[in-house]
Amino acid sequence: MTDTKTTILHQERIVPQIFRLCLSSPGIAQEARPGQFVHLRIREGTDPLLRRPFSIHRVDRERGEVQVLYQVVGQGTRLLSRKPVGERLDALGPLGHGFEVSEEGGGVLLVAGGIGIAPRFFLCEDWLRGRAGTALIGARTRDGILCHDLLRSGGVTVHIATDDGSFGDRGVVTDLLNAQLEAGREASASPIVYACGPVAMLASVAALCRAYEVPCQVSLESRMACGLGACLGCAVKVRSSVPPGYEYQRVCTEGPVFEAEEVIW
Amino acid sequence: MSTVLSKKNVPDLSIEIGPIHLKNPVLAASGTFGYGQEFEAVMDLSRLGGIVTKAITLEPRLGNPPPRIVETASGMLNSIGLANVGVAAFVRDKMPFLRSCGTAVIVNVAGRSMEEYVEVARRLSDCPGIHALEINISCPNVQEGGLAFGADPKVAAAVIGAVRDVTQLPLIAKLTPNVTDIAGIAAAVQEAGADAVSLINTLVGMAIDATRGRPELGGVTGGLSGPAIKPVALAMVWKVAQAVRIPVIGMGGIMNAGDALEFMLAGAVAVQVGTANFVDPTSTIRIVEGLEDTLRERGMGSVKEIIGALEV
Amino acid sequence: MSTVLSKKNVPDLSIEIGPIHLKNPVLAASGTFGYGQEFEAVMDLSRLGGIVTKAITLEPRLGNPPPRIVETASGMLNSIGLANVGVAAFVRDKMPFLRSCGTAVIVNVAGRSMEEYVEVARRLSDCPGIHALEINISCPNVQEGGLAFGADPKVAAAVIGAVRDVTQLPLIAKLTPNVTDIAGIAAAVQEAGADAVSLINTLVGMAIDATRGRPELGGVTGGLSGPAIKPVALAMVWKVAQAVRIPVIGMGGIMNAGDALEFMLAGAVAVQVGTANFVDPTSTIRIVEGLEDTLRERGMGSVKEIIGALEV
Amino acid sequence: MTDTKTTILHQERIVPQIFRLCLSSPGIAQEARPGQFVHLRIREGTDPLLRRPFSIHRVDRERGEVQVLYQVVGQGTRLLSRKPVGERLDALGPLGHGFEVSEEGGGVLLVAGGIGIAPRFFLCEDWLRGRAGTALIGARTRDGILCHDLLRSGGVTVHIATDDGSFGDRGVVTDLLNAQLEAGREASASPIVYACGPVAMLASVAALCRAYEVPCQVSLESRMACGLGACLGCAVKVRSSVPPGYEYQRVCTEGPVFEAEEVIW
């Protein structure tokens, strides 16, 4: 793990409220695995005080570059979006436990809602090269559908759903998943599902996967302080074999990627 | 000759907290540094004055429902709720690493009842490698006990007295700021046999999500820490340092060496660093280095020259 | 038709604090808004729910030696020390302007002794144009009394009871957060006849100039205000609102309408805005407008729907 | 008084740690009088929380511009110095009670230590045009001597002293003042002294002026919260005719310019 003064190499607005940030950080680029995150200190001073966690969207190991795809939702992300190229940024990472990618099984199904696409992309680039992969992307409107071109050019089959039908099917991403799982069952090909997005979506995805008896990994979010496993602030409720039947695990350490069936939604 | 000179140039940061000798006055605060191991990858733990562990209770505790933290202006609220592995697992799984860190190990002890404090302390007394116990009579995040023990001088003294009877380990009573008269409580635990007091624990606080009309924390209220509380902590440390003879360990919002100096000037023999570890995991070491630099700049031989040196 | 519609679109911000009717729930807090006149040039004072004056004592007071303020992380410390013109000059020189502002005037009353509180209240009772008295039993910046009066439920009740006997004006007891059990004090002043409570006054705090080794404030310690204390204030307002029947006026770190909403959700009938006036002198009006916008967005007819609506 | 969203027109570093900031603010430019100040909100958020007061250094009423000359001494001024041209700045002003300039008397003596030159300049431009003026400027080293060229080209006689003798006389500015007052006494020409600078310097200037029975106005600083006279935070101790013989006045309202003999140093 490196705590390095990275430099902002570029930063661009992709659609309103969504930015792609590229940092120079050979150390993080080298070590990062899909599903891991970086913990960024937004600015000096005490407001905002805490770091902000962002999934690693993409890395270029040769050039020592790390990309983050983020949405402006509050003060921290707004300040981040105003940072100029060349500015130093204090990044801690790579942190957390990423996706477990098994070599077996009938293909990989990526399910992403909104900004949940961010870590998915790294996953594709890193692990999927050459393998059959399908990505299901959902968002409220056309503007929320990100990275589909990049995924397609990487050889991934992409299906899209928007709430308002402005892009792809009208509906939600779990409709697409349902169709895929149904088709998979008919073909007796059981895929692995990797999902990331809003909690409500993840819960539905988990329920579907359980119904179809398909393994599923979800990437969770929670508020974080340390990012290192020390503060226990990022707890998420998971099943446990001992009474009372549940326990808390740390999104920053045991996660952010969990087996969907472990999570208590 | 050159060794003499260079020796003279390295100021002495060591201090004593009653019977405990520390290589420097900078400790990692309870609950913010896990069991030490979590920070191993980012720093050399042996450079710390000491590590105070997360609160240990008799049985393992799961802690409070999430969300457990929320940021506030220059601070944060937490409602972790004493989540910990329990004393047995702590001694078995966590102490071996802590013992090997090359720094003082202080174990923070909490309980739901007087008996629990006593039993945890008794079990820890048999465990080698522990330098002191910090008796947490001040946690605001548990329903039963915790805060109640530290808010009343008689009860606080009773807990410390009972623990005193079962252990030879130096005892540090950790005080809550959520009281009318913290100096009175400090005096009471001093009489009951505490070797030192540490303060402050977090202030009771709350945050509300105005959009959803709900508390931000699963535990509804939580404990406020970070730079926001520094002025309150400093005033209490100053007050307590004048009211007791035993050493005072100061904390609350310390982010850098300048903050640490303020606490030591106010009378703290040592400081603990909490929330700052989340902002910069190497905060403690930066503070050790900063103190060293300050002493050098001012031509001081020992950090002890600063303790209580405030001119009022 | 259009008048009906537009009328429906203007949410009702008015509230009652016991017998006092306010056009909206946003008051300027004592000590941060002078005697009103200081803000005349930057805003329309008639848009305020009310103005709470700087504390008034029997005789003029010079206040504490400078430096009187220092900034802290997301907050500030003040040790003004109740500097004021005294009740006679206040009635003569300050009330005529205040009376003409078109907003409720609440006079903050302080004293060194029970007799002083009573005498100031008695003299103000004869002065037309005062809507209520806020009895400041919570100022941390005076040696004699002040804090002492508000830190003990019996003493607090005695002061309120004594003032109650000499005036018909509605009484608001202003409470200190520097206590173990603020709800107990609130209950005590309710029994003694307070029409409302307001909280919180400042937290005792301190800052040290580490370079010079001296306190930053002439008064050594001071009162901490601003966003830093908001979580503490909110927790106390929530606690007190559940413990008393009389209305609660909340304050502490309110900077914007969202903050004001948090206090009202927690049970405050009205809010006071203090330190924010220094950051943006039109803060109070921005908050009034922000509350209006929120009600409109949520389709609420009256701000009263928000009071105490927190779902725990 | 206007509370206006001004725009930064330019900002330049004059010498290390000293910057000149030019704001567009027709309202403030129009109303400002020498010795008054603006109260600037450094940035959004709560850190730093309070505004920072700065003397008005110079105004261009026609172009609606206001200049501030400031020294980086802490977090607020450091952040200010990094602000780019075009950024908005929340300025409250003009505030305070400026210099009282009488038309009579034997000339004007300006005494400035370090950054204390800032308000002096506005005074010269505004009031001195055509009148005899002498400026005495002191600083620790050459780098601290500011604006002497501008003053000279405005027709002001300038004398300089530095602690290390790197510019002008070696010594302190009160040495220069002493010489001037002595010369003035010999010529029976009693000047008015306007002084601004560190407190210790002002106290010496006040003592000298009292000894020579010369009227003196000093511009004081103190920590400020409101800047409007409401908080009583900026109090300074002044003589009073009623017991206990002193009272406190507000630097932001009764000041920042006070008669030197009123101040209790």
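Letters A, B, C and D name the chains as they come in the text, with residue numbers starting at 1 for each one.
Definition applied: a residue touches a chain if its C-beta (ideal position, glycine included) is under 8 Å from a C-beta of that chain, and two chains touch if they have at least 3 such contacts.
Here the structure is a predicted model, which is why all the values come from computation and not from measurement.
Asks: Taking contact as defined at the start, I'd like the list of chains shared as neighbours by chain A and chain B.
Replies: C, D
Asks: Between C-D and B-D, which chain pair shares more contacting C-beta pairs?
Replies: Answer to which pair has more contacts is C-D.
Asks: Once you find the CA centre of chain B and the CA centre of chain C, what distance in Å lies between them?
Replies: A distance of 35 Å separates the two centres.
Asks: For chain A and chain C, let me know how many angstrom lie between their CA-based centres, rounded off.
Replies: 47
Asks: Taking each residue of chain B in turn, which ones touch at least two of the other chains?
Replies: 73-75, 226-228
Asks: Pull out every residue in chain D that's touching 2 or more other chains.
Replies: Within chain D, residues 46-48 contact more than one other chain.
Asks: Assign the assembly's chain-to-chain touch graph to one of these shapes: line, ring, star, complete, other.
Replies: complete
Asks: Quick one: which bits of chain A touch chain B in the complex? Just the residue numbers, please.
Replies: So the residues of chain A touching chain B come out as 1, 3, 41, 46-51, 90, 92, 222-237, 244, 246-248.
Asks: State the interface residues of chain C toward chain B in the complex, per the touch definition above.
Replies: Residues of chain C touching chain B: 72-75, 77, 151, 178-180, 203-208, 210, 213-215, 220-222, 224, 226-232, 234-235, 238, 253, 258, 261-262, 265-266, 309-312.
Asks: Give the list of chain A residues in touch with chain D in this complex.
Replies: On the chain A side, the touching residues are 45-48, 75.
Asks: Show me the residue ranges of chain B that touch chain D in the complex, using the header's touch definition.
Replies: Going by the criterion above, the answer is residues 73-74.
Asks: Please name which positions on chain C make contact with chain D in the complex.
Replies: 31-34, 38-39, 41-42, 54, 62-63, 65-71, 73-76, 78, 80, 83, 226-228, 255, 275, 277-282
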